[in-house]
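Encoded as structure tokens, the structure appears first; notes follow it.
We call the chains A, B, C, D, E and F, going by the order they appear; numbering starts again at 1 in every chain.
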């Protein structure tokens, strides 16, 4: 049951969460979940190559474009809780202050599900640093000996990792396929907000088709047309076999 | 929803399915599923060491005891569909006839779920041979070009692998934890049917406690007291993230 | 230098080699290589689901369609040396006769390169059986103690594995990306011969786009638009670092 | 084609690059490549055990000997671009300043190939730290959003990892074998500069013989007498299958 | 021969070493070894959940309880050399000062064996940080170029990793099983000192039974009733095959 | 304690056991163990390339030479119990008769240790087939339900795997290093019996030097000059940590 679930998405750069989990977010919101998205950086050093090619580009101009695009995409997906931490990217190095801030955030949201980068991305050291940070902070958040004023210890939540760009080289295994058929159009619209990255739009449009093919093949359910996949940080636990 | 699900369990030797999935079977039956169990061998060569130590033991006497114990355990678990193929064990080598027979069985049952041995057991070559056989037959069963009189092609079902005896050395990863708290007593009773194997009864009683501990830790759900774990042959596919 | 190279492709089912290496084959032929293709089965049991859905389908009719489509595709790719062994598929079990026949074939062709299925396909036991067979026969072929009348021992050739359908679950790692940009249209035409499998045509069309994206990203060479990837059975050896 | 290629070699300690890539460097230079070597530390804490056993050894004396030996070896290999960063070793911890400096270096050289330590060395934490640093900096260097005065963004280059000392325990897989037969004598001479380490000279002399044996066996090319092996950070991409 | 061996145990939190190596420690001491234990933190933030639930718990009160329990357990095991570093846990971040301190400690003890956390614990980032630290410091300790006043370079010692709590998910492989049958009662008594953690006492009591079962099965030696298992950081080296 | 240990070595081809375990065998015999060697094939198809190059070579002549060389090597190593099964190699396929014969052999010898090929050799399918066979037969031999006239069930013995020729590509991890320093000359003499294979003699002479280097480095014991390494099929179990 998606309804009333709380989800926290932590994205290293501005667009990561849209390419990799836009459909899942849209679906969760549509079904009544509360979704929070934290965008750690605008990705202006590492993920804005095309914007820097525009004449007269400055750090401020690139940042403004990335912010605008991300907000537009979030709106299309139905996200009401979006925040930007505006950290430096390429590289990302985290301190105790970042840890405390993220633990606080997790405890405020009290998520049932956290989605972030998977443990290893062969092409992107920032993604690995964020994966480490989020996991470490989830552990701290769950521990009632870690005292932060005004916060309440969380219960162990589920953690899921995004598909990296080149999956096989990143040792990525899809553990969970999420049907996004009925929010597919919404994801496509959201991706189109990132105007300078037409190749990625095509790439992730095809990815939804490919994962839909896999979802049908693995489940025998022919209604799955489009899907997103995720790695599970932990096994599935429940009252039946899914 | 467990109700009306169909499950097929394929067990290399007589007691394997009880130690490793007795709780899950009992739970599925209790909740209204239809469960079929195929016991490929009585395990008289490889898994009856203690019975052979009894004075005057013969192949017939060992087989009779194993059959009786298995039927008693099945009854306790609520299994109505139990069949013995009485194959030789230690080693198991399968032929095209075995393949055809198992494909036929799978098509008769039309299972939503198949549970059998996981892909690698470091200590037991029979378990590996059965894992290969069941997987190969599931693929054949799903293909409408494989024609067997009077059978109907299956839809892709879910496949799960038992925990092997020594998990780490067998590269076993638990992908799914199944809560068996409210059928735990039933599983214990079923295991006690195998009178000559008191050490295994203790071993798998403790395993349920250990997996219950893990299930709580991984899910934050404190109602899980006892659990069984399984490896997923395939990822989870569905309309939400489990 | 592709010119004058000899390549042998061994395909479990009729269309496997087109989806997975059609572009590479077309490119090698275009550049002056001699390419031989052995199709072990028509795939009538395991890979003709759509054809069996046609009213009145018989083994003979399905086989005839598969043969016709495969020959048409081969012609488009420029293949002059195509042979069908017409073995049973789903499952494939090989005997000493098959081994001797394939060793003979390898020795006749004296290939510089063999392309066949990679070592593990999670969904298709036939592919795994063929991978084992081809590798074993390549070893036998290279050994001058394995005497087969009228044949000449081969030199160690290069071996490459096809991408399986679901790469990550099959532990597939792409070791080599082959640029197929200038034969892309030819591959698309060849795939279209398999009329009943429109979903696979779309699937492998997108795959060429995706691997092209990867090829550019991994090499910095922006001229690569479309690519196929392969696993290397052995490391690369040579007078420079590729 | 080696001619006119640019290569950058990054070595944690003074002699690492000689043992592990001396032949490749000599070959590239001989064939007309431009090779730059950065030696991050003299290895006076971690890789100068024998020198410290000499009576009266001081940090300055050990450093002077290491520097002299390294320069002598570089000269024999034909290296014209050698620089020492004189960092502390055992352990190595890198800061943002080191990152910026290395990105700058990479952009100055604009290498086609970077050779450095492979991702995991079970015996040497410094090697792992350097591998991380070099990879991270190559990613930064390629990104046009990472602004460093007077530098020009690089194109994605090829990255190769050295063989660690104990390969199997370090999960090392040789992906590329490089024939060094015609510069073998030169490598031997270069290694002999490190007078206090006669056991390593013997060790890496034998290694060249062993890798030559492997190179012949894997390629069928009997002219390969001596070889060095490397791990590929990324797959091979090109217009043919190597 | 255990007698006169020197062992150093490094424990991230107060009770880790008791759950995971209490039997081995007791056995080594009983047989005449000299055992030193370093407890890096009291685990008051991350491993004292139950204590924080007590009314009026403060950092000082929790620390006092943990210290008392640990000292009591150590006494039962026969440990004469126990020291507390009182570092912060959850998370643990180590500096050069910690490295120097631990190198000094290792050189003072001159251990034949170091036992600490294994390389990967999926649930506990502190354990991973300690594993890294201890390994790095062991390398530094062995190197005679790492100068620390008043210390003497160590010889390469054996390193062993604790079983993590959830072994399979942590990629843990037991490489060594240690028979603890005749000190089993002592381990149980020591564990009982941690009064607030009755579930862990039961958990590790059962673990000793399970590993005893494995030890018998893997060795054929029926005298092994209870055991602890460890991962080997390095292979076994010796004058026979163990 | 080696004295009075019983060891069974199973070798796919005539010379395998000499290259890979000749030192260990010699050491065990020297120290008072009883060593039995089973040579499954003369390797005339797969491992006699050089002999077939001799003018007029026939199956009988090659077999005679291989037998003579193997017997000579065995004599030098001190082996008193050597038997040849004279099976076909390249490829090896085993039947139930081979299984029964090997189980019988194992039960006759009642070995404490079995040494044979490791689980995976990337270059040699025969080695993999033998590894499977020996392991399966060891399991059968230990089971008292497997009845073979005149034989007595074995106790679980230790199993070790040979180093394959190309270790890293075969996923080989050395788990045990065996010091062969004081029988090194004997191993060299034994290897020299295989006159047509001078390259392998040099290869395995260097391997002993390399493994000696590793043994010293991993143990700190400087007396180890030459060594052989093996993979452990099972963990080490015992009354101390080795």
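What to note about this one:
In this section, contacts are C-beta pairs under 8 Å (C-beta built on N, C-alpha and C of every residue); 3 or more make two chains touch, one makes a residue touch a chain.
Treat the numbers as computed from the prediction; the structure is a model and nothing was measured.
Separation of chain B from chain C in touch steps, taking the shortest path, is 1. Between chain A and chain F, the least number of touch steps comes to 2.
Taking the mean of C-alpha positions as each chain's centre, the chain lying farthest from the centre of chain D is B.
One of D-F, A-D or A-C repeats the interface of B-C: more than half of the contact pairs, counted by residue number, are shared by A-D. Comparing the residue numbers each copy contributes, chain A and chain D share less than half of them at their mutual interface.
Centroid distances built from C-alpha atoms place F farthest away from chain A.
Each chain gets one centre point, the mean of its Cα atoms, and the points for chain C and chain F are 37 Å apart. Shown for chain B are the residues in touch with two or more other chains, namely 123, 169, 173-174, 217-218, 234-235.
If touching chains are joined by edges, the resulting network of the protein chains shown has some other shape, matching none of path, cycle, star or complete graph.
Chain pairs that touch one another: A-B, A-C, A-D, A-E, B-C, B-E, B-F, C-D, C-F, D-E, D-F, E-F. Those residues of chain A that touch chain C in the complex are listed here as 123, 165-169, 172-174, 199, 202-203, 206-207, 209-210, 213-214, 217-218. Residues of chain D that touch chain A in their complex: 96, 99, 135-136, 139-140, 143-147, 234-235. Residue ranges of chain D in contact with chain E, taken from their complex: 44-49, 52-53, 62, 90-91, 93, 122-125, 169. Chain contact summary for the complex, chain E toward chain F: residues 1-2, 24, 27-28, 31, 113, 142, 155-158, 160, 173-179, 215, 217-221, 224, 227, 229-230, 232, 234-242.
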